[in-house]
Amino acid sequence: MQWVPFWPRDASVTAQSIDKIFIGELALVLVILGFVFGLMIVFGLRYRRGSRANRTGLIKKTWHWEIGWTVGSLAAFLVLFVWGANMYVWLYDPPRAGLEIYVVAKQWMWKAQHPGGQREINELHVPLGETVRLLLTSQDVIHSFFVPAFRVKHDVLPGQYETFWFKPTELGRFRLECTQYCGTEHAHMGGDIVVMPPADYARWLSRQGEHESLAQQGEALFRKYGCSGCHGANSTVHAPSLVGVYGGLVHLEGGDTVRADERYIRDSILLPRSQIVAGYAPVMPSFAGQIGEDDLVKLVAYVQSLSPIDGASQ
Amino acid sequence: MTTVTADLPASYLTKEHTIASWLLTSDHKRIALLFFASITFFFFIGGFAATLIRLHLLNPAGTLLQPDMYNRMFSMHGIVMVWFFLIPSIPTTLGNFLIPLMIGARDLAFPKINLASWYVFNISGFFVLFCLFVGGVDTGWTFYTPYSTLFANGYVIPAAVAVFINGFSSIMTGLNFVITIHRLRAPGMTWMRLPLFVWAIYAVSLVMLLATPVLAMTLALVALERWMGVGIFDPQLGGDPLLFQHMFWFYSHPAVYIMILPAMGVVSELVSCFARRPVFGYEGMAYALMSIAVISFFVWAHHMFVAGISIYAGIVFSLLTFFVAVPSAIKVFNWTATLHKGSISFDAPMLYALGFVGLFTIGGLTGLMVATLPIDIHVHDTYFVIAHFHYIMVGGTVSAFFGGLHYWWPKITGRLYPEMWARVAAIITFLGFNLTFFPQFILGYLGMPRRYYTYDPAWQVWNVLSSAGASILAAAYTLPLLYLGWSLFYGARAGANPWRATGLEWLTSSPPPQHNFPRTPVVRAAPYQYNPADGSYVAQDGSSNA
Amino acid sequence: MRSLQPEPQYATLEQQTETAQLGMWMFIATEVMFFGALVFTYFLYRTHYWEQFRLTAQDSKILLGSINQAILLTSSLTMVMAINFGKEGRQRLLVLLLLATALLGLCFLGVKGFENFEDYQSSTVPSVNFLLKSGYHPPTELFWVFYFIATGLHAVHLTIGIGLILVLVWLARRGRLSPNYYSPLEVVGLYWSFVDTVWVFLFAAIYPLGRAAT
Amino acid sequence: MSAQREPLLPYVVAWLVLMLLLGLSVLSAYLDIGIFHPIVNFGIAATQAAIIFIMFMRLRGRPSLKWVFAAAGFFWLLFLFGLSTVDYATRTGFPTQ
């Protein structure tokens, strides 16, 4: 669609799909508009006051017409709905693979942390053709992560992780915007997504200086906050081992089962007593208010790294 | 039929002349005019804010207003336009004036509550002006938490209080209409003989009654949270900010229909009268109004597709949203079909009405696009959505309001408006409107987010077009103020029924006497008994007119 | 005494009386939505923070809450009896029972005030005096936020109700209420009993959440 | 309009039943019934409300518009509760700080 002078760049897999459904729907809309406007113009000319048109034999009361266009529009709407819903699931239910990047939003900047521990502000470097999964959280108000060229957007909420994915198909710099009003400098809360060839990306990563990976930093914090005292291998306290937890199912006290995703790990650090693993005593203290979002990200990454089956995320 | 009397007939306008007789009146017609004065005032306040916004956006660097001032302007524009113009616009003025006349009643069921509603409205208006003058509020009209409760640096509490109090006015007016339509219909005025305008007001009143209390509670919680520092939506306590959005949109989505349903009622009256033809599918139109009112409550979370609700919820609400589009589609097709074999004259009210149908159709169809989940992911919170709802609210509601105002102007004032000027204004409005808002669709798809005081210079051309359209629109909205004002003093006297229309309101003199009808009318005919072939019609009291 | 004519928009006095009642019912429907929205927030957090809510609700003063409910239920009885006597033209009993109703309402407010004093002393008043006990998580504060907003709004409604009843007393003393015209009695009676109903639901939401020692 | 006297006994009986239900509600607080607490509590509250509506607010008698209006609010709340449950029952994210 780049030949249309006012068409945004489409630089990801999702962008091309969304363009397709948009154009399809636009065509339908134009047909209906043409029909309604055409009828209005034809009737307006033909039956203007004083014209000689035949006005006898008005259509008598019948439900045929209403039922006709109700069924017709409903059928068209259902097709659109199914098409759209299908794609929505695809967009918002990310695959568990590829590159995982944590993004923390605050008034008025975006902070990104790569798995290798590299951090950047208001810029996000990603390799071309790789599925990138973002885990987003906010330190203050609600923000929204929007890249027009990728046609992706998701609100970023305080106190929880939101997630979605994209897969860039074009090299270059693309605008990142905040679309949820977040205060005075809302309009300046932007940045760039830089899509690079994979080799360049690797070089860029290594140029960011020696870094401990996110998981390694998390391991240090794991000791610092005393987590290892109970969850470590040699612990005498009866606490669940965290090896292999991430990505699997956890059976809770009371019979519920939850999937141990990033949200679950984060919640368990902050409010351990709300989701007790079956067979364990609720002895873990809450870390609410003691660990900032940046450190939480590292701890979560460390717990993730204890489940090596999900290979790519390390 | 139209007897022009030399001197003023005794009417509600001339009954008494003191200021107290206006401020303490219980006559629904006078209260309608009081409301008219108030909402016109707020329309120009909101319009002023809009003008500043568009002026500011001429330049991508955004240097006219300070960022904080810009944020306050769009917030004030939204709050004033939504709660102080669009929601009360048609119900409190045309509705107030016409409901008793159309159903053959002498007044509303609770005249004192009706007057109280106006006072309450003005008190809430006072709060919003207070908020404006002490420094404004910068949350947008949506008051999203936790920004509004913990981070905003404007005067959130006065604004929330203003909207809270405003809700009482909505509830009082809505309650009055529902009870009046149930209890005070003239003999013979069965439900299936009600003019569609009455149906529309009935539907909208039900929505007001059932939705407004939820907003009142939500904003009360926001104000308390802001005041006390702890509250129901506070994520620090484990409160859910999305809960606020659920509750807010549970009101604010139906509120969109509060704005558009009365407009649909007005347009049905207008199209039928000026096409000299019965409304196509009267019953279908009435049922469509009621089903829109009901289904409007089931779709609110389509404002939250990208907000972090569950995927399942997104899918369910998308489906329900497509359902609400069905009755709207029926209405558009039926209006169009009403033109078939009509005898159409293009007087100013008809121009507004046809403009309404066209713009509403564009607004509605783009509504389908944003109801489609993946498209909404891209255009949510961009100018695409702004353009979409302005097509509905400005292109729809405001057009219908102006159309209705012109149509019933002779009934309200007893004077005819200057037809030529009115047609010019209607056409300029239509053109200016499209120039203002169509470029915003393009801006939105290009990815320009709403509520930005500065933007990518590549988008400037569309913004300049939009601002140019806005200046035309501003002129088009000022025109009626001038010529309608002129007609108050110099307009030709109108007879009882200048449009040769069928409703009961046209049976009484223009302007109507204090208690509307000298004798309670008896209804013997369905509405809209026009015959396009010879121009004759049967009024609702059963009298035939050649 | 005013001559008994319906207002001009009504054909008969009965139509006016019935319409006024209908209006009150409609208003009650809006009140249901108003309080319902608040209970909705409660419903959500109650299900999400199940154990925390149960835990902290044990600190609510169930004895005072029950006494208050008994007071309100009794006041509804006196109110409905007052309406009956008003309809039958028994003025003395009418005034007496109206005063009793208002007095019960005041008693309720008194007990409520005492309860709030106790809440203050046990540090469960968010943003004024709040202490997170050990083993309690932050969401327990949500319970108290709900508690104070809900009972506060209820108290405001009750105060308005007491005012309306005093107006009725005044009307009755001036002879404005008679077997021929008792519409205000009926309408205020509906409002009063409705406010009573609100308390019934708030009671269920606040006090008996499970106090068995586990 | 005639001053025929309405018996007061039904109202007193209604009041007694209401008090009894209050007692039950308080009693249930001290029983260990786990998940059934809210069901019992709100069940009792709904019964009490029904008695108040029917007896004290005089919904007895012929079907009328009053019934519709009395039920409207409660009925409409179902939509608020029901449809938002679609979200909350299937959502994984909830703020934790």
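A, B, C and D label the chains in the order they appear, each numbered from 1.
The rule is short, and it goes like this: contacts are C-beta pairs under 8 Å (C-beta built on N, C-alpha and C of every residue); 3 or more make two chains touch, one makes a residue touch a chain.
Here the structure is a predicted model, which means the values were calculated and not measured.
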Exercise for review: Could you tell me which chain lies farthest from chain D when each chain's centre is the average position of its Cα atoms?
Suggested key: A
Exercise for review: Count the C-beta pairs in contact for A-B and for A-C, then report the pair with the higher count.
Suggested key: A-B
Review point. Measuring from the mean C-alpha position of chain A to the mean C-alpha position of chain B, what distance in angstrom results?
Key: 36
Check your understanding: Cα centroid separation between chain A and chain C, in whole Å?
Key -> 46
Review point. Just how far, in Å, is the C-alpha centre of chain D from the one of chain A?
Key: 42
Check your understanding: What is the distance in Å between the mean C-alpha positions of chain C and chain D?
Key -> 14
Check your understanding: Which residues does chain D have that touch at least 2 chains other than itself?
Key -> 65, 72-73, 76, 80, 84, 92-97
Practice item. Give me the residues of chain C that touch two or more other chains. Key: 22, 26, 29-31, 33, 36-37, 40, 44, 48-49, 137-138
Point to revise | Residue numbers of chain B (touch at least two other chains) | key: 182, 210, 214, 235-242, 247, 250, 308, 311
Review point. Which chain C residues qualify as touching chain A in the complex?
Key: 49, 51-52, 135, 137-138
Check your understanding: Which residues of chain A touch chain B in the complex?
Key -> 6-8, 14, 17-18, 21-22, 25-26, 29, 32-33, 36-37, 39-40, 43-44, 47-49, 53-59, 61, 63, 65-66, 69-70, 73-74, 77-78, 80-81, 83-85, 87-89, 91-93, 107, 140-142, 144, 146, 148-149, 151-155, 157-160, 162, 175, 177-188, 271
Practice item. Please name which positions on chain C make contact with chain D in the complex. Key: 21-22, 25-26, 28-33, 36-37, 40, 43-44, 46-48, 54, 62, 66, 69-70, 73-74, 76-77, 79-81, 84, 87-89, 138, 179-180, 189-190, 193-194, 196-197, 200-201, 203-205, 207-212, 214
Revision key, fill the gap. Listed in rising order, chain C residues that touch chain B in their complex are 7-10, 15, 18-20, 22-23, 26-27, 29-31, 33-38, 40-41, 44-45, 48-49, 126-127, 130, 137-139, 141-142, 145-146, 149, 153
Practice item. Would you mind writing out the residues of chain B in touch with chain A in their complex? Key: 62, 67-68, 71, 138-140, 144, 146-147, 150-153, 235-236, 238, 241-242, 275-278, 280-284, 305-308, 311, 314-315, 318-319, 322-323, 325-326, 329-330, 332-334, 336-337, 339-346, 354, 357-358, 361-362, 365-366, 368-369, 372-375, 377-378, 380-382, 442, 445-447, 449-456, 462, 532-533
